[in-house]
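Read from first to last, the chains carry the letters A, B, C, D, E and F; within each, the first residue is number 1.
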Amino acid sequence: MKRLLITGAAGSMGMAMRQRLGHLAETIRVSDITPLTAIAPNEEPVSCDLMDADGVMRMVEGCDGILHFGGIPSENTFDSILEANIRGLYNLYEAARKHGKPRILFASSNHTVGFYRQDQLISVDQPTKPDGLYGVSKCFGEALAQMYFHKFGQETAIVRIGACWPKPTTVRMLAIWLSFDDMASLTERVFKAPYLGCPTIWGVSDNQTKWWDNSASAYLGWKPKDNSETYRAELERSPGIPDKDSSHAKWQGGGFVDEPIYIEPPRSPIR
Amino acid sequence: MKRLLITGAAGSMGMAMRQRLGHLAETIRVSDITPLTAIAPNEEPVSCDLMDADGVMRMVEGCDGILHFGGIPSENTFDSILEANIRGLYNLYEAARKHGKPRILFASSNHTVGFYRQDQLISVDQPTKPDGLYGVSKCFGEALAQMYFHKFGQETAIVRIGACWPKPTTVRMLAIWLSFDDMASLTERVFKAPYLGCPTIWGVSDNQTKWWDNSASAYLGWKPKDNSETYRAELERSPGIPDKDSSHAKWQGGGFVDEPIYIEPPRSPIR
Amino acid sequence: MKRLLITGAAGSMGMAMRQRLGHLAETIRVSDITPLTAIAPNEEPVSCDLMDADGVMRMVEGCDGILHFGGIPSENTFDSILEANIRGLYNLYEAARKHGKPRILFASSNHTVGFYRQDQLISVDQPTKPDGLYGVSKCFGEALAQMYFHKFGQETAIVRIGACWPKPTTVRMLAIWLSFDDMASLTERVFKAPYLGCPTIWGVSDNQTKWWDNSASAYLGWKPKDNSETYRAELERSPGIPDKDSSHAKWQGGGFVDEPIYIEPPRSPIR
Amino acid sequence: MKRLLITGAAGSMGMAMRQRLGHLAETIRVSDITPLTAIAPNEEPVSCDLMDADGVMRMVEGCDGILHFGGIPSENTFDSILEANIRGLYNLYEAARKHGKPRILFASSNHTVGFYRQDQLISVDQPTKPDGLYGVSKCFGEALAQMYFHKFGQETAIVRIGACWPKPTTVRMLAIWLSFDDMASLTERVFKAPYLGCPTIWGVSDNQTKWWDNSASAYLGWKPKDNSETYRAELERSPGIPDKDSSHAKWQGGGFVDEPIYIEPPRSPIR
Amino acid sequence: MKRLLITGAAGSMGMAMRQRLGHLAETIRVSDITPLTAIAPNEEPVSCDLMDADGVMRMVEGCDGILHFGGIPSENTFDSILEANIRGLYNLYEAARKHGKPRILFASSNHTVGFYRQDQLISVDQPTKPDGLYGVSKCFGEALAQMYFHKFGQETAIVRIGACWPKPTTVRMLAIWLSFDDMASLTERVFKAPYLGCPTIWGVSDNQTKWWDNSASAYLGWKPKDNSETYRAELERSPGIPDKDSSHAKWQGGGFVDEPIYIEPPRSPIR
Amino acid sequence: MKRLLITGAAGSMGMAMRQRLGHLAETIRVSDITPLTAIAPNEEPVSCDLMDADGVMRMVEGCDGILHFGGIPSENTFDSILEANIRGLYNLYEAARKHGKPRILFASSNHTVGFYRQDQLISVDQPTKPDGLYGVSKCFGEALAQMYFHKFGQETAIVRIGACWPKPTTVRMLAIWLSFDDMASLTERVFKAPYLGCPTIWGVSDNQTKWWDNSASAYLGWKPKDNSETYRAELERSPGIPDKDSSHAKWQGGGFVDEPIYIEPPRSPIR
């Protein structure tokens, strides 16, 4: 590629991908609403608020690939989510449609299916069961991507990210952990595949504990290599073993299912 | 019921239901953003803009059932749809949650699945394939309803309405026509069933031509009685027979799949 | 047939079938552990305790069809159920195996699947979810029948009876009512079909409210004619409308799911 | 239509359709290898051997619809089947492809699935299990039709005809009977539907005994009206009740499964 | 765990697990109806007949986990199976219910599905097809476990054990062999998982020849490590290769499908 | 085996298998219509035209296994395909039926399903969608094999070969490559399995990119070892990356879907 856009580039996933995927394009255009640091030589920083339709239009112009991590990453007030994850996403797709339809990797979330139980193995074709307003906004995003694909031929990889962290830190993450390396190899396949279409993909490493069946996207040839199993002993020893009746042990969405509707932004992050 | 709220009560479906369902509650609170006419003795008119959170709160208070037809009924600009169908629906659910969780019948649409072909028989469990921003907004609404059900126990009947008109007027409507009488009998079942849950229901009469399998909601005991077949000869004779390669003959969403993204509101209605 | 055996012939279903099915065989051998009354001219009464293997052997000899209603019909102590429904059924199948393998209609129960929710449409191929010891004993019976079929070619119609009563008397029965006439027509088809095999059949009338999909046994050509709908208005008006969170509104097994494990036989019948 | 071609027009189905479908086109071109009789005023007789590619080309020219009953209708020698049902069908499709791709109704057969048991309810999507060379030739025909559809857009209705006779004459026919009237109404729908595609349809009346699920073609709006049930009493009384272990009672293909590979043409018809 | 109960502790599986799982609890209570030998320092022997309800009650008291291997392990007389596998299991579940509902691993069997063919890949959700009275008693056990789970929240891992032997000794065992080490690792996962529920699990090693799909229990994170493939050459060379039409080559239950109903206990073990 | 017949033995797959499978039988009878070279000591060359029924009869006599690669391997004129792949295959099955029903491995093709998209994961139970006359002839062959199995007990392994080449040479082959070694190990399993039946098997190596689900034949214990992934970098670098809208990137059948109906044999091979 000539130019790959990474939105949300100042966040932890954005940072991790910038470190691993600099070779994917001649130029990496990195964008965030917060200040960007550690700019690499082939990086091109752009400050952009997703709610600003014109700004998004300029940000997308000239790119032939988009890695979209921008937006609100967790439960929050309706207004915040509406602006960043709903209006912001619409702005992005309109900009893509007008600028040559660069392929998009859209970071969706396991919270689109948070109300499935942990003893259910689900495929991407089953109905969504979001666990909060954040999850609902990701359902909106998936529907929007599907519509732009069928109507305009805009290709998107909808990646329902489990927990993309340096390592799993809770028992629940044994099932949903996605290593940075596996996320990077997935991104490579998404942008290199001759045909992408609009698949929904579980963004999860090759963990031994498994809730999600990824066979529908086997045509892409992505094969995650990491396995949370190496962390199991440590996590099952720790005091953090959830009670069998708690949301952490019962629902795929974990603690998100207990979150309220926020009137004020939440003070501390949710697990 | 003591008081049933009908939103969008000035529209054609609203009017038709008011004529048929006056007996369902002691008081029918009728609401619209446009002026209401032909107020029946047990009707209680309320003017309300769905974007006004406080107004919606007042509108919902005291109701033990909601028939939600309000919002933008067709393809339109993103801003219009965002305000009426996304923010407006959130306002309604928040009001319901705070006022005793009255049962809701949410008018969703066949445009959530407009990109299935007409030769596919689909069930409510298959993935959505919306055909425009309107359809995407209904996917948002369905996800929101599911979330409020799983998280708060708020019951909703998600009704994917085909074409609720006095009679079918196109060949495509032979498959998707929902008579006013069948819509009324469905509404009765929704509000009378001891347990509702959060089913998705195809809002369609007992037409001989069939695209949708409603067996998943057979527990409600709704059985539509009308059949578009009586109109077939007339419609297949008319000059309006669609070409086999046109969207009207190919896609479940019909002409909606050809609609553009609107920058200005559309001038004339879509079929 | 020359001789049809009806066990449990003194019970309400037994009585109702004797009145309707006298023409099915030259002789109807009627059997029960309690005294039999109203003996018709072509009826041949036999007193038999299902726990008595020799008695069961004699009872079955000479019959070319068995309508098995005998056994404990509801939740009870483990010992009672063990003897009547487990040992008793084994005795019956051994007797059938030794006496020419007459076709059997085995009265199983909806309580084999009582822990499915009422908003689930299930087929006979889905796993059982019994709601008590009675239901577990019927699961045993179904497994026994399957084994005798595959191993010895013994044909059985496993009929999961809903509620076979003169008319529905609760809201839940709107979904599970089986009229006596429909039970009789089913019995006719079972004994007249050239090939039976070992199907599992939902014993339910053509009710508008529907939890069970009987398409797997459509090859038998049975079509129930009655519909509980005529009783709906009366039942939904009565004070007996169950709360949406009660077992009566939530589980297919209704009140059975709340029954304890009995140490002493229950005093009053369960609904 | 201007001109509808009926091949095999001298056979019993051909005759029955000519009597019922004269109104479908201005001219009915009727064709057979055997002499045609009872020519109606708007019929245009053509003598044609399906193995003669040039003759087939002329026969098809000028037609805008084809009802293809021609070919060998039952088990026979490989050579006969090869020429009439394999080469002959290829000739027909090549002629259609060169002459405007008139819509085709292809008479396939239940013998494509003759090795399913009678207690299985099957859909058109399940794998074929032919019961003889005749059935294999129909599998070839279905594959050819699918290929011409996907590759060239040639529309075909693949109709797996059960037993199209004036009335059912065996117990097995209670499940597979297709009345002439229902075949005629199906033909009407096939030629009048705005979009046909390439569906596989069970050609069977609305019989109470049912082996085949036709829901996949519900979009065509065909609804058979006749029911073999009226003939049941007579057929179940007759001496022809098959033994439960005979092919007539066990396999969907009935007696065909017992037929040999013919070296000489069979002397008498198969049931 | 404080105390883990192992029933059937004198049998071969019991012995093998005692050697491997001593670390799972502070105390291992080992129980059998036959004398126990080789008692380890942290083992607590208990003699108990499963038919003795009071004895079972005492045996279970104080345990926070149960590994239930007790009962009749093969085809036998109905009375023996009834007492040990039906009454005995009821006694165990009642004792568990009264003593804090310790998690149970119930040793079910592949003979619950012995009448599936060897060329069928089956999941745990398909209907049971037991191959004898032993298999029927295991179907009872599975139904009982499901009922105690749904009704009382008693968690059980239902493990359908293939052939748990030191190594595979027949060609059929290439598909169903479960190594002692894999059984031990499964037991660990069952007792360590934060949430268990009531899954049915195929107890089988990671053999290359495969009849059973275990994906439904992938949430437990169990991954067997052994593979029967290392024994293939030896077994396929031996004179024991079964004829393709024998039960050993055809049915999943192997030789069990040929066993009679026993009136006297069988003299020699069944394979 | 005493004698294994390999047809098409002069072709590239035939040569590769002869080099790898000489140990499978005492004598390898090698047959082709073109001259055979490099005859190994235990090889027995036979010249045979598949259209010659008597010759095929002699070729098959005395063999206890058949590896059938003979016939037209690609798109061609209808007459060529008819004679070699339809009449020729019938000749082979008749010969097998008369000479002891030796087990057959029939080389079918991915072109039976060429009109599935590359982003679809399909199983062998889904309907065929052939991409040309060659694919249609293979559908005929599969139907013929199924019929001979059900009717006469003739066992066949239907192997839908992807691309059996020394190494993958196009991007599409990353998904469908079958190494010679994996084809050889599959052949071994097919002839050594105690029971074969009539499975359909995807003939494909253990490639990371995957379109086909082979779980239905897991009972055979075949596990391919090669993986096209080692060739990916090279192929994705080459100028041959297909455009996302080309048949090579869209359809499983690749370039075959664009081939015409041949009137004259094609000049150059198809990819």
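As a working rule, contacts are C-beta pairs under 8 Å (C-beta built on N, C-alpha and C of every residue); 3 or more make two chains touch, one makes a residue touch a chain.
Protein names from UniProt, one per chain: A, B, C, D, E, F = NAD-dependent dehydratase.
What you see is a predicted model, and the numbers here were worked out from it, not measured in a lab.
*Asks:* Counting shared numbers against all numbers at the contact of chain E and chain F, is it over half, same, or under half, different?
*Replies:* Different; most numbers are used by only one of chain E and chain F.
*Asks:* When the Cα trace of chain A is superposed on that of chain F, what is the rotation angle, expressed as a multiple of 5 degrees?
*Replies:* 120
*Asks:* Counting in whole Å, what is the centre-to-centre distance of chain A and chain D, each centre being its mean C-alpha position?
*Replies:* 53
*Asks:* Quick one: report the Å distance separating chain A from chain E, using the average Cα coordinate of each chain.
*Replies:* 42
*Asks:* May I ask you to sort the chain touch graph into line, ring, star, complete or other?
*Replies:* Here the contact pattern is something else, fitting no line, ring, star or complete shape.
*Asks:* For each chain, which other chains does it touch, given as pairs?
*Replies:* Final set of chain pairs in contact is A-B, A-E, A-F, B-C, B-D, C-D, C-E, D-F, E-F.
*Asks:* Under the definition above, what is the set of chain B residues touching chain D in their complex?
*Replies:* So the residues of chain B touching chain D come out as 117-121, 171, 174-175, 207-211, 213, 229, 232, 236, 241-244, 248-250.
*Asks:* Spell out the residues on chain B that touch chain A in their complex, using ranges where they run on.
*Replies:* 78, 82, 86-87, 90, 94, 97, 112, 115, 124-133, 135-136, 139-140, 143-144, 146-147, 150-151, 257, 261
*Asks:* Given the complex with chain D, which residues does chain C contribute to the contact?
*Replies:* My answer: residues 155, 192, 194-197, 199, 215-223.
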